[in-house]
Amino acid sequence: MSYYLSLPVTDDIALVQPTLNMSEAIFSLLDSDRQHLGTFLDFVDLTNKVEDETAYLKMKLTGVANGTDYLFLIHYKGQLAGTIDLHFIDTKNQKAEIGYWIHSSFTNLGITTLAVHKVCEFGFNHLDLNKLTIVADTENQPSNKVAIKSGFTLVSTEKEDVFIHGAFRDMNRYSLLKSNFKAKK
Amino acid sequence: MSYYLSLPVTDDIALVQPTLNMSEAIFSLLDSDRQHLGTFLDFVDLTNKVEDETAYLKMKLTGVANGTDYLFLIHYKGQLAGTIDLHFIDTKNQKAEIGYWIHSSFTNLGITTLAVHKVCEFGFNHLDLNKLTIVADTENQPSNKVAIKSGFTLVSTEKEDVFIHGAFRDMNRYSLLKSNFKAKK
Amino acid sequence: MSYYLSLPVTDDIALVQPTLNMSEAIFSLLDSDRQHLGTFLDFVDLTNKVEDETAYLKMKLTGVANGTDYLFLIHYKGQLAGTIDLHFIDTKNQKAEIGYWIHSSFTNLGITTLAVHKVCEFGFNHLDLNKLTIVADTENQPSNKVAIKSGFTLVSTEKEDVFIHGAFRDMNRYSLLKSNFKAKK
Amino acid sequence: MSYYLSLPVTDDIALVQPTLNMSEAIFSLLDSDRQHLGTFLDFVDLTNKVEDETAYLKMKLTGVANGTDYLFLIHYKGQLAGTIDLHFIDTKNQKAEIGYWIHSSFTNLGITTLAVHKVCEFGFNHLDLNKLTIVADTENQPSNKVAIKSGFTLVSTEKEDVFIHGAFRDMNRYSLLKSNFKAKK
Amino acid sequence: MSYYLSLPVTDDIALVQPTLNMSEAIFSLLDSDRQHLGTFLDFVDLTNKVEDETAYLKMKLTGVANGTDYLFLIHYKGQLAGTIDLHFIDTKNQKAEIGYWIHSSFTNLGITTLAVHKVCEFGFNHLDLNKLTIVADTENQPSNKVAIKSGFTLVSTEKEDVFIHGAFRDMNRYSLLKSNFKAKK
Amino acid sequence: MSYYLSLPVTDDIALVQPTLNMSEAIFSLLDSDRQHLGTFLDFVDLTNKVEDETAYLKMKLTGVANGTDYLFLIHYKGQLAGTIDLHFIDTKNQKAEIGYWIHSSFTNLGITTLAVHKVCEFGFNHLDLNKLTIVADTENQPSNKVAIKSGFTLVSTEKEDVFIHGAFRDMNRYSLLKSNFKAKK
């Protein structure tokens, strides 16, 4: 039985509220999949011990207190599979950016797409946002697929937008307006 | 349909994760029941406008980021009925104090006792605490009943412990150890 | 004779380092052109007294100390005409965004385009940035012209990106890479 | 001759105002009596070099500036013998907790009991507090004796209240009301 | 009987450690002597209500925690007569500046000179300072006399050094080295 | 060609606005002249790696944001030769102190005197200060000459004012009033 605060996505998938004492579990998951996750996500190289993850959780939870962030853990059949978050929450302009990662052992199950859809509901209906954005490395095929399957529209390809592993990478920017999200349902 | 992160207590009762944009709803609930709530709870007199409640939420959410607080909203049949929280969370000594209030229109339904029981589960099993404490004004009969019905033991009556409405009030201190909580189930 | 630290653009135009005691002059300029400037720039409505401008200058100068901002005054023939800045300076990814405004009595003189070009030089050659971005309201023709004349490329039109005067506005995003800036000279 | 600010207790005993440059003396005293002091006091294991003591003094003096703490050194015949403090000072509810430790070479002289009595005078008459509390490990006989000899009443035994040296310890809570303190004199 | 921490100067005079709850008494004293004190002391015009004095005390007590300040109240026959402090305490260069004010009803009794002498002892012997400085408006005869009678040497007259009541004032700077202070005794 | 914000002093000399990414250049200059600079300047011994210089720049730029500091680099024929700054800027009393150092390979060219004169113009005319002060070790002949040649008047010799390399040093204090600076031109 679970004692987490959570938002059910399907019978198998839930978005879970993280607490500080979960940093070890998150770190272990990430640490066991460095090569897969680190290819396109720059924070992986900066997370080298549990304390780094604890500091990250503190930063994100402080963002919740300031209204700029909202981090969820993705649970699949009761197991921690990845994280998904809203960041750059801008209440004045009613927009935010969605970020996510999932461990390689949980890919190809459609988990992330369903999680993104639930976070869109949370952002549009509960936080009253008007627009959500996803940014994905142009070569990160799974991440681009998630954006497209979640109903986001490609807005631009940002050239040389992120510097990672010694090179500039191009990023695709996708966005979804509340009006389009509603129409689709 | 709900988009809140929550921890179900029964089919009707849930503990819900608050976000900053809920401060207006919490303030309205509290503001409509000042006389009842203000008799024994000193924060009521300090909460006079929505901004006070927003500041309180920010303070509590900052406490989550620091690992010292955990605030839940109590929902009954989808309606906001009150709040319950863990404060003074002390990870070194593995203990915390539980506080709660419920609107007068939701009393006598056993909601608070069930909520306390769930928060005990959350504290003992998820946060790995060893002891929980409840402090109740000696004349606040409903609050004392909740403590007793939740399995807490009266530890002491603290004389002249809180100064409210111009007078010192005596407070009952109850506590519950994890070992006793487990034995009871 | 001038005692300001400045970066000459042409014989008539200079970028000048602001100090706190200039807030009154900046406020007066902005205050005398509210209708023109406020149409597309949301900070105008938030700047209602000299103290607001002083607070803004402090924030920007603190950004200089943190390496995230660089604000210049635009002087034309020794007179304050507007401001131009680098913000969101991201040293890891070597990019930043350029913002600018100019008083209506100084428009149509090509001042802003020349100022943008000089800030590009400053950003690419002195701060070693790799990419610069300009964001302009799709209906703000002068601002779009400045971006295009300065050699920036339209990357996207961001739908409903800014909420101003009670409505969402679409924004054009332009960018310029260091490699393209150099090739052009 | 002494240049300290102090509050005389008897001809031999004085409460002395600490300054930052006394941290070395306090550390040496504590460091020379680790086994005795560390049995029941958890801060001893956390104080391993002069800088730890300086940081502690800074924290306590900041507490004085905020009105939450008041730390005194205990001098016996001009020698540093221990410390005594008021912490958790709560001006709204007019209460505080007293803590103390004394070097083993100064025990059995009644010093601490006299110091506690003087701190009670200071708290009740100068800081206008209404209630003072002492918390002592149930097996720390000297500390319990001090509380009782100082006229405090046992209010409760708090089970498993402090985690030290790998085990939970029970704590006795004593309290003294201003009305009882005055009646006794 | 007094419960203050104090440093006796003579049978009648004592330096007393201030606490936050003394701000009302200090404000009343200062407020009853505005014309006399405000002529040469610029902080008088900035202290218009008890809260200003409380904020000042907090600032000074924070200075104690940081090792940069030390404020004493001057008591004469048990009555608050004024204040004296060490500020700009510079432990690297072992120097500080002394400031003082006394209510007009306590002047011509030699109180301040004796208080300065005691603060010199405190600074040289307890805080291990090497040099103390006094700065006095050239027209503030009592203050200049105190400096001279306390054995300080005039070092310079600083032209237009302080701006008060709409005009620049010249200030005399006096200093006293530890070596000279000791020789004199 | 240069992209720095600067204030020209002569055809060869300019005061340049520092940015954080210049810390390496400043550190290298200082590091290559430790013996010469460290004799009289205490910060030299505290600057042992580029990060120390970066921290110093951050502190000074934060001072700009607070209105208490203004740091310039001294460029000679396009090369970094030293720094000059206004510190202790006191807008209430309209005064500040000037500090400077120049690498030994750039001495005897009159650079510092011209830089001081320009900083006086900046301080008196742009920042509206009324008095500027220079403090120089009595044995630091070049620094004393700069003060005198710049029109400053010796106000005092401060005995044992700075503790450096294990000994107290006497310091000459020079000052210049705006009225005298203007009269001289």
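Order of writing sets the chain letters: A, B, C, D, E and F. Residues in each chain are counted from 1.
Note that contacts are C-beta pairs under 8 Å (C-beta built on N, C-alpha and C of every residue); 3 or more make two chains touch, one makes a residue touch a chain.
Just so it is clear, the structure is predicted and the values come from calculations on it, not from any experiment.
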> By label order, what chains touch chain A and chain C together?
Replying inline: none
>> Need the graph distance between chain C and chain E over the touch network, please.
In response: 2
>> What's the rotation angle, in degrees and to the nearest 5, for a C-alpha fit of chain D onto chain F?
In response: 120
> Can you name the chain that lies farthest from chain E, using the mean of each chain's Cα atoms as its centre?
Replying inline: A
>> Under the over-half criterion for shared residue numbers, do copies chain B and chain D use the same patch or different patches to meet?
In response: same
>> Going by average Cα coordinates, which chain is farthest removed from chain C?
In response: D
> Distance from the CA centroid of chain C to that of chain D, rounded to the nearest Å?
Replying inline: 59
>> Between chain A and chain B, what distance separates the C-alpha centroids? Give it in angstrom.
In response: 32
> What parts of chain B, by residue number, touch at least two of the other chains?
Replying inline: none
> Linking chains that touch, what shape results: line, ring, star, complete or other?
Replying inline: ring
>> Counting contacts the way the document defines them, list the chains around the ring, chain D then chain E and the rest.
In response: D, E, F, C, A, B
> In their shared complex, at which residues does chain C touch chain F?
Replying inline: 3-7, 15-17, 19-21, 58, 61-62, 64-67, 70, 72, 121-122, 125-128
>> So in the complex, the part of chain C that touches chain A is made up of which residues?
In response: 42, 92-95, 130-131, 155-163, 168, 173, 175, 177
